Amino acid sequence: MRTPLSVRMFQSLPRTAWLALAIFAAIAWIAIPAAHLLLPESSPFHVSAYTVTLLGKILCYAVVAVAMDLIWGYAGILSLGHGVFFALGGYAFGMYLMRQIGTDGSYGVALPDFMVFLDWKALPWFWVGSDSFLWALIMVVAVPGLLAFVFGWFAFRSRIKGVYFSIITQALTYATMLLFFRNETGFGGNNGFTDFKRILGYDITSPQMRLVLFGLSAALLIAVLILGRYLVTSKFGRVLAAIRDAESRVRFIGYQPTQYKLAIWTLSAVLCALAGALYVPQVGIINPSEMSPANSIEIAVWVAVGGRGTLIGGVIGAFIVNLAKSFFTVSFPDYWLFFLGFLFIGVTLFLPDGVVGLWRKLRGKRAIEDTDTPTETPADAKGASA
Amino acid sequence: MSTALSQKLDAVSGNASGGHRVNPGELDLSHKVILYLDGISVSFDGFKALNDLSLTIDAGELRAIIGPNGAGKTTMMDVITGKTRPDSGTAFFGQSLDLTRMNEPEIAHAGIGRKFQKPTIFEQLTVFENLELAMKTDKRVWKSLFAQLASDERDRVADTLQRIRLVDEADRLAGLLSHGQKQWLEIGMLLMQEPRLLLLDEPVAGMTDEETERTAELFVSLAGKHSLVVVEHDMAFVEALGGKVTVLHEGAVLAEGDLATVQNDARVIEVYLGR
Amino acid sequence: MRCVGSGQQLKRSNIMPPSLFHRLRLLCLVLCCTIGAAHAAPSPETLAKMAEDDSDSRIEAIAELGAEGSAQSVAVLDALADEALALTGAGRLVILTDTGALDAATGAAIDPYPDDADALMINNRIRRALQSAKAATNIRATDRSTRLAAALQLRDGADEALMPLLEPALAAEQDKEIRAILALAVARVNLASELPAKRTRAAELLGDSADASVKFMLTALLEKDGNGQFAEPDAGVRAAAKASINAIERRLAIADLASTAFTGLSLGSILLLAALGLAITYGVMGVINMAHGELLMVGAYATYVVQGLFRTHLPEYIDSYVIAAVPVAFFTAAAVGMLMERTVIRWLYGRPLETLLATWGLSLVLIQTARVIFGPQNVEVANPAWMSGGVSTYADIVLPWNRLVIIGFAIFVLLLVWLMMQKTRLGMFVRAVTQNRAMAGCVGVPTARIDTLAFGIGAGIAGLGGCALSQVANVGPAMGQGYIVDSFMVVVLGGVGQLAGAVTAAMGLGLMTKILEGWAGAVVAKILVLVFIIIFIQKRPQGLFALKGRFVED
């Protein structure tokens, strides 16, 4: 009777989705590396280092978008502070990267350059262990996870929701940004971390490392999509949808909405942090401006553009907006903000279900509002009740 | 014998050693009373919504509560279900559960189900899923992550679907149901919770006469196994329920008894017709 | 808040601002030239000392000239200060002017121009002596502010040489404030006296000061040198000094508190101005307007444009441009706001999260528009002359005019909003529509028009806030972003739809920020305030002034 978890996870995605993921994996893990390493630069199919980095970066953003969709699209909680978790993940891994520079910095000593500049003599206590790769991975998950847990615990416990919650998450990222701007905080102030040299002793700028990071980003995205799909089709996901619809009813039938929200909120934050940790070595810099409220709210627009309540929508939105961004900022820098601004307005006014919703409508399928409710369970139910 | 062990044995054998003991968190109906409200007062910015309200409901009883607007009916339900904390007074579920110290999900777990005045169901989920979520089971996060419907659970949902006459609507989105159907679905969700005490706030508002009649039948059939407290304005419905009636006025009990007695009470007539 | 910190001008100053001092000096020069013409001329002995190439004798000469105080002496001192006092080859002192040369002793013109005149060099010691001497001459001026400035100068830098001057000046002075300052100056000099009784008296007198430097001076008396000897040998003097130190510390503490309270209120009124518009659009209408900060920006740029128009077309009335800018800022921002409502916000009522995103988009468009029109740099908006400077009060605290004006303006706008919401038909309509849209429509309220107008008013109030902000903070395309979080905090903390709540929240946040700033620095203060708000909202999700009971829907 009981189906093993792995099977259920497998079943939670339709066959076409598995096919799409397989094609995506083949492109990310085989085609792009081959085109980057093997084809000569003169070939029209050569993928440049710039493109690999750009795509890798957007893959990280896509993970963030899916994480955002999990809480916004499925649980109805709009966070305007997800940038802080992304950045904290980045900082946690950045600390390790700074330590990997070793004595190759401008001052030729083991301390990171900015500490020498501040005339510090030793590493502060919270840098202890940062030279260990394993420790860095633990911190990537633990620090943003703990922050999200504590913040969420306070917020959900006192039933802060809707716009109030959005505003205080914005205050959270703003406050953290101010904190990280200070030199005394110990994370490089304005300039943050940069000039990375190595990961695990390997050159961070080599094409191989670039492809490894890119491949890992793709793997993370695939994993997050499968996990996300499983979650939203499980009973857990249905409770979340129920909380979004009528939270007090959920409480009166005996669920603790606080715990459900806290679980998905913390998970979402941790996913963002993982994306941040992969993002930093690819772009080679992390600084407090990643935590600016504008960055966090942009994440919401990726999801809105793609279509919220559809995990793939986040991925599509992240790609559309960020490809447009790299196009505009290079070709028409003055118009980028106009484009982004009108995108915010246009999507909310004319495309409430995003690109995915539009596509469904064009295909004549009745767009299921907000959620893509699983179709298996009711069908089974009918069988049982008949 | 160690104390811990003796307590365990006591618990197993009920009230073995004289005075009765209960496990904390379990309903104790040893005095045949399921709900005690004593001296409850609630005020909002100076307005006394409940004023020294005292009320007891026996186990298995079907009680109707009537009263003019603002008499404190909904506030009373809020207090019982933990949504509102009283300024003073005590509220016990059975002999041992202090409702004023529990939150909504804990109270729901203890066995009190509530239907709101305005039907609140999960409009974006199907009828089946609405019932599935309400079903009495382990409702913690970790369990729900890996939960699967067992066949007996499926049967229970199907059973309830039949009782509330929504078999054909099982996989429709609940938001698409008619108003009366939504009321029935909400009642169905209450049943899935298997509560000992059901609080029903105007359950037949917006129903057709036929639906109202069927609802009354359903409630009467539930009494005995469950205890029901029904707030209603519809006197025909109250009559059909046939139980004891309590009249609330200005946050306190004005009269109590069977419908005929209450209807002939001078103060009740004054409250409803006077002024 | 970030922009505001740098603008805080408030300080307890011992030194006059240089420009003001310069102006006073000019003024006094004119006065002395006209009034003091009848006085005697500087003595030849004094001038001889001045002619010697020795700083000590020159300083003596300067003190003598100051004490003598005739118009000609003042002219010589001024010339020395301007390095226009010169010595000819023949050893004669002359004053060089743009047109010729004057004799230092008489002021008579010298013809022919002495080609071999060599200007006297001045060093820092001489400069200090000059300042004291200047003050000594000014202490006799008829103009009160000149005397006050001179008295302050003497208090901070008097030495024994000026005693013969100080005591008669103290005796002659009628003004209470100046008397007090002069008494301090005398006490300060007397502290160095050889007579313990005089020193005791001086130490007691210094207790009237509210000046940290006086405190240090007194503290120095109580210190022991390497041999365990007190700097001040007399125990009586030490006791007097101790008592005076306590008195000064008490006064300083009060002054500190008062100045924190003032800066706090000033920041609070800025926050209030920034948040009032939002109190209408969000608090009353429930529209989450993330472009609110940009409406502030529109108001600020409107002020900038008005300033520019006055500069080019009405330069003689430039000081009143701010008055003209107030209505312009209101109507410009209101127009932008109504346009926003008509085109975007109207379609999103009842969908707060979508409104949030769309208005964020609007804010991006407005920012970029400002960049395209006015350039990416901050623009300069100047305070009109009547708003510069300040009022000095207790313990030398200077309350800058622009801050005072802003506090007053905040009260004015608050009153305006209150009147509009409570006393006008429009306000009644707005409240009716926001409480029950359908019902209001049924009784004939044109709901759509009311929405537009109400949003326009909220935007206009934001424009007024922007106009006020332009006087104390930077004006640039991104200025609005700095206020959006703060504004929401004020509205949320105060309780949605509650004007009294917004006022309390703004003032409370202002005071709290300033108190914490004094204790932990600006950034940490800001973070602590945000953390406080987050915790506060936990405890009272409905804000300070919340509705309770049936009105609160889950």
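Each chain carries a letter (A, B and C) given by its place in the written order, and its residues are counted from 1.
Rule of thumb we're sticking to: a contact is a pair of C-beta atoms (placed from the backbone, for glycine too) under 8 Å apart; a residue touches a chain by one contact, two chains touch by 3 or more.
Predicted model, so just to flag it, every value in this text is computed and none were measured.
**Student:** What's the farthest chain from chain B if centres are computed as the mean of the Cα atoms?
**Tutor:** C
**Student:** Determine the chain that sits nearest the middle of the structure, using the mean of its CA atoms as its centre.
**Tutor:** The most central chain here turns out to be A.
**Student:** Rounded to the nearest whole Å, what is the centre-to-centre distance of chain B and chain C, using the mean of the C-alpha atoms as each centre?
**Tutor:** The separation of the two C-alpha centroids amounts to 65 Å.
**Student:** Report the inter-chain centroid distance for chain A and chain B in whole angstrom, where each centroid is the mean of the CA atoms.
**Tutor:** The answer is 44 Å.
**Student:** How many angstrom between the C-alpha centroids of chain C and chain A?
**Tutor:** Roughly 47 Å, centre to centre.
**Student:** Using the touch rule from the top of the page, what residues of chain A touch 2 or more other chains?
**Tutor:** In chain A, the residues touching two or more other chains are 248.
**Student:** Would you tell me which residues of chain B are touching chain A in their complex?
**Tutor:** 81, 83, 103-105, 108-109, 113-114, 116, 120-126, 128-130, 132-134, 136, 139-141, 144-151, 154-155, 157-158, 161-162, 167, 170-171, 173, 189, 193
**Student:** Quick one: in the complex, what on chain C touches chain A?
**Tutor:** The contact residues of chain C facing chain A are 288, 290, 344, 347-348, 352-358, 360-365, 367-368, 371-372, 481, 484-485, 488-489, 492, 523-524, 526-527, 530-531, 533-535, 537-539, 541, 554.
**Student:** Flag every residue of chain A that touches chain B in the complex, lowest number first.
**Tutor:** 1-3, 5, 8, 231, 234-236, 238-239, 241-242, 244-246, 248-256, 259-260, 263, 369-371, 373, 377-382, 384-385
**Student:** Spell out the part of chain A that touches chain C in their complex, as residue ranges.
**Tutor:** Touch list, chain A to chain C: 78, 151, 154-155, 157-160, 162-164, 166-168, 170-172, 174-175, 178-179, 181-182, 247-248, 293-294, 297, 300-301, 304, 334, 337-338, 340-345, 347-349, 352.
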